[in-house]
Amino acid sequence: MALLQAKEITMQFGGLLAVDSVSFHVDKGEIVSLIGPNGAGKTTVFNMLTGVYEITSGAIEFEGKEIHRKTPQEIVDMGISRTFQNLRLFGKMRVIENVLVGTHIRTKYNFFDGLLRTPRYQKEEAEKTLKAIDILESIGLGDKINELASNLPYGDQRKVEIARAIATDAKLILLDEPAAGMNPAESEELLRFIRELRDKGYTIILIEHDMGVVMNISDRIYVLDHGKMIANGLPREIANNPQVIEAYLGGKREK
Amino acid sequence: METFIGAVINGLALGMAYALIAVGYSMVFGVLRLINFAHGSIYAFGAYMVYFFISIQVGLFWSIMIAIVLSGILAMLVDKLALEPLRKKQSIPIASLITTVGVSFIIQNGLALEQVFTSEKKGFPSLNLFPNIMIGNLTIQSSQIIMFAVALVLLAVLSYIVNKTKIGLSMRATEQNARAASLMGVNTNFVISFTFFLGGCSAAIAGTLISGYYQIISPTMGATIGLKAFAAAVVGGIGVLYGSVVGGLVVGVVECIAAQYLGSNVRDPMAFVILILILIIKPNGLFGKKGVSKV
Amino acid sequence: MKEKKSLNLLAPFESFVDKFKVPLSILVGAFLIAVPFLGASRVAMRNLVMIFLYAMLGMGLNVLLGYVGQVSLGHAGFYAIGAYTSAILTTTYGWSFWTGAIAGACVAALIGFLLGLPTLRLSGTYLTIVTLGFGEIVLMVLRQWESVTNGNYGIRSIPVPELFGWELTLSNGGFYWLILFLSTVTAIACYTIKNSNAGRTLIAIKEDELAATMMGIKTTRYKILAFVVSAFITGLAGAYYSVINNGYIEPNNFVFNYSIQILSVVIVGGMGTIRGMYFGSALLMMFPQVFRFLNQWRFVIYGLLLVLMMQFRPQGALGWQSTLPYKLPRRAKKALAEREKAKTVQ
Amino acid sequence: MKKVLAVLLALAMVFVLVACGGGETPAGGETESGAEGGVIKIAVAGPMTGDNAEYGIGFANAAKLVAEQVNAEGGVKVGDATYTVEIVEFDDKNESDEALTIAEQIVSTPDIYGVIGHFSSGVCMAAAPTYQDAQYINISPTSSHADYSSIGDYIFRNNTVITVETRTGAEIAINDLKGTSIGVLSIDTEWGQSAGNAMEENVKDLGGNLAIRQEVAATQTDFATEIANFRAQNVDVILVAGMYETLAPFALACDSSDYDVKLVGCSNAYTTSLIDIAGEAAEGIYAPVAFFAGNPDPDVQAYVKAYTDKYGAAPSALTTQAYDSTYILIEAIERAGSLDREAIKDAMFETNFDGMSGPTTFDEIGDAMKVFTKIMVKDGEFVVAEF
């Protein structure tokens, strides 16, 4: 049974049909990529999966349970977390604090424990801090935990966003153009990190334009164009699928 | 029944006064999403300018004209000197709010200085230019009628400028999306300053009309009436011109009816009671547009 | 908004204070406690008490404005609710001062909760307008509900706090220690709230509410929490105000001007910081006295100060971004040290 | 926990030191005196800035005039030494926080022997206990809160007692003006409420027909609703418990809505500002006053002339009450024959002072008994009332 199953999900803004009855699935431990030209509806699909938009029709199931009517908070609690296409970090907070905010959903001690610094607070806060440091070290930001998030270079900020998503103990991580703005060395380092995540049992859905990253790391690829699913399959099949190439290069498409 | 009609008539006159001031708040809020706390003190400044020019033997008409222009310039200066640098530095919105509070301190207390007008209340020439009109035993003062008429003319002129002129188009564009407007060649800073200028003029007109009706002015006159007019602007849906007018009339009439039946000291906070009720039911006011925030 | 170069000049100062914080705090603690014995004049004592009270009020509003970024222009309403609730309970129902004060703070917190609920669907500016309305409505209730609040006559002879038979008044310095202790406890509470899960969550909501939602934070619940905590602290400060006002309070002590004063403490001192509250409060209390000779000009200059401050130091006098490394919890530091040792042994 | 406490207190110390320094040197400087032929200081505390500035400034002007006159006649003879009188002004912005800081400053200045002041009742109530505890004589020319003078035996009030003053007002309305349907309009301050209540009782005592009572906010200028209600009851005389800031716009509103009604104010309505603002609408306004500049008594004329020459405008009722209060205090000091505060206090109770605002004696709790004259506005000035 697939970890995540989308059945003919549709999203309509007034007259505009942004996503038109798209279906796809992701199995546990897989890395699936979602590609397509700009404006194909990729980020809209992410927003539908994470509850930012309430889908017009169709159904989404995660671990067998329906999630398309749940609030974003409930969806994160069930184990799906995400990064953003245009970087939404907490700029004036330190890197480690950004990741600690990620651990918020798993924090058990309450407001009064924090206020009175009870042993329960001390124990759990230490655990959370260590977990955050471990995540940051594993992604290569071990020495930058005290930096302000807004002071970091672009590539590092991307990594902090990923670290923050991991900190929510999510099972499924949605990465929205993580390699955008990264130089080749950084995207190579990112590939290594994503593989490491997969080895640790995370399932990943990737939106990416850098074909080098996509072809190299994806187990399966779905291709979206103008809100419709036009192709899916293994990387090599997609690489020479005429429809995909045309969708990217533009030009007439026979109806 | 008659007292009810009386209350409604008084409410309409008072409401039109609020509308006049609310328009200024609404225009500035529309363009900048900013509560301009200094607007109330510019309203007082306008009234004092008229008082001053009349006291140096300038005719009533010319005193009003000069006061309107001076208030417009003052409002523009406030924007140019205090608010524009903040916009250039993209500083946090709270900084602009506090700046307007600071400016209102400066203007209000500046008027009350010993060397200027002192804090004592002053008499103001009446605008009862022609005898009152009697309906039954309800008297409608001529200054009420003048206030109504001039207010309608002013609002017509303002909505003509906003809706029909080129500068009006760029005002509406800046209101929708300042960045996009500036990309289209609209000099947004000029438009914002012009909006402040219009706001200042409308405040001076309001100051003249209302002071002509009550025939008394004081440096702090802008405080309470300013807050109530702002509540009216929000009730009507801030950023929308006719919203301010309807909001002003609603607040004015409800306030007078409340004063009539619940006692007069309920009247000041009544504007806020209406405000909170409406904000909870319709967060953007009666006619406000729902802003869709894109992810 | 990029931090200016001036930051590095503050860094050594901050690390100095951080390094010697234990001796420094003992020195300060001893000095503050000893003030009544150092022959401070009654005026200086009263100034200090007012500074601590307004620092508390600033800290209360700071939870809402500094942490979660909501501007309130009606905080004098909570200040009044705290003062009147404890005054009524102690004078008409004979409660002790202490239980009256706690009750005052709780009633203010409850009303903070009620005010927080419906208004949280509103974005920043509209919420500010509603808090403005809240302050005016509280005033109306105080003036009209004569059977309970005694209307404009105000409430007289409110009892003074008593500890084991010793009356803590302004004249015998007892109240000075009480306010000193109370404001320090509030400061520590604000510090622990800020540096815990709740504090980080509030600041995250201020930085980017959508990102916070996507991290699973129930933003509405935490905004209400901020309202309640802010109202509690402001109400608590209100309960102690009557002692400073010779056991008498009236509606005019809580008019709109006081909401602006509390806001100025937070803005001028430095939003989001606790040290800023003390500085903002000291500046606000001493400004009118030091510049008394200016008379009417004081307010014009005060307005100018606000405008200039927003131009050149919007983050407030002490609002600099801390340059110190993140304070790791003790146990985490211990675990990391052990890990380090384990690595070097291999 | 130690770290937390440390950082906070470290910063608190640095800034509190600043504050402490600021507070050390109270304005007005301390001069150790009390030696033979030294200086007796009298503090005047009231709003010198803000909305009610004119009242505080009026207090200070009156007190300075008294000091000038007393010093001109050789100062104050206490026992065998003579002292010059010096007035120290304090601006409390009519806020109790400010007033109490000033009170602390006054009671820590040993050569101040009395305080003329605080203006509004709320501020007076807050400050009085500080003066009482420090045994400083406090005379308020304007406080009207019922419990004010019972705060202590050092607290006096040289203000017209509401019930007596409004009785004269009611007499004007019913006996002199023959009002058939009487209205009462009161402002929602503490003074306004008690004055309004006293007016109601007095009207009923005198058998008048009290038609309707209405209360308005002190800053209100829109009286359309109130006028409509008064007219509905066809009220022909209205007793107004409000300062000139309310009486003037109300008179204007009645005039411009052609409502032919007679208005009777309180003693504080007697100020030139009423005529400046209301203009002809002020014609025919009546008021009971303890002090009246037009009073032919030569002392009164001398005082009015002295005040007008020095300050350019005739003194108002409240300013005159401050003038008398200053004299009452100085005479009490002379009667006590020593600078001992207790003695001065006892001497205060024996006051029988024929002041500008009428003969003044204090009852056992410190309230002043006054005699009232009826005046009216005619051809733009105050004259003795004719009916």
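As written, the chains take the letters A, B, C and D, and residue 1 is the first residue of each chain.
Keep this in mind: contacts are C-beta pairs under 8 Å (C-beta built on N, C-alpha and C of every residue); 3 or more make two chains touch, one makes a residue touch a chain.
As the structure is a computational prediction, the values presented were derived from the model and not from experiment.
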Next on the checklist: Give me the set of chains touching subunit C intersected with the set touching subunit D.
Outcome noted: B
Item to check | Centre-most chain [mean C-alpha coordinates] | outcome: C
Checklist entry - Measuring between mean CA coordinates, which chain is farthest from subunit A? => result D
Checklist outcome for this item: Whole-angstrom distance, CA centroid of subunit A to CA centroid of subunit C, is 40
Item to check | Approximate Å spacing (C-alpha centroids) for the pair subunit B, subunit D | outcome: 36
Checklist entry - So what's the Cα centroid distance for subunit A and subunit D, whole Å? => result 73
Checklist entry - Cα centroid separation between subunit B and subunit C, in whole Å? => result 34
Checklist entry - Using the touch rule from the top of the page, what residues of subunit D touch 2 or more other chains? => result 1, 49, 53, 188
Checklist entry - In subunit B, what residues contact two or more other chains? => result 112, 119, 265, 268, 295
Checklist entry - Do you know which subunit A residues sit against two or more other chains? => result 52, 117
Next on the checklist: Under the definition above, what is the set of subunit A residues touching subunit C in their complex?
Outcome noted: 50, 52, 72-73, 76-77, 81-82, 84, 88-94, 96-97, 100-102, 104-105, 107, 109, 111, 113-117, 121-123, 125-126, 129-130, 133, 145-146, 148, 164, 168
Item to check | In the complex with subunit D, residue positions of subunit C that touch it | outcome: 17-18, 21-22, 24-29, 31-32, 35, 40-48, 50-51, 143, 151-154, 156, 171, 184, 187-188, 191-192, 244-248, 250, 252-253, 274-275, 278-279, 282, 285-286, 288-290, 292-293, 295-296, 298-299, 318, 327
Item to check | subunit C partner contacts - residues on subunit D that touch it in the complex | outcome: 1-13, 15-16, 18-20, 22-24, 26-27, 48-49, 53, 91, 93, 95-98, 100-101, 104-105, 107-108, 120, 122, 125-130, 133, 145, 147, 188-190, 192-193
Checklist outcome for this item: Per the touch rule, the subunit D residues reaching subunit B in their complex are 49-51, 53-54, 188, 214-217, 219-222, 224-226, 228-229, 231-232, 244-245, 248-249, 252-253, 256-259, 273, 276-279
Checklist entry - Across the complex, what residues on subunit B touch subunit C? => result 29, 33-35, 82, 85-86, 89-99, 101-106, 108-110, 112-114, 119, 223, 227, 230-231, 234, 265-266, 268-269, 272-273, 275-276, 279-280, 283, 295
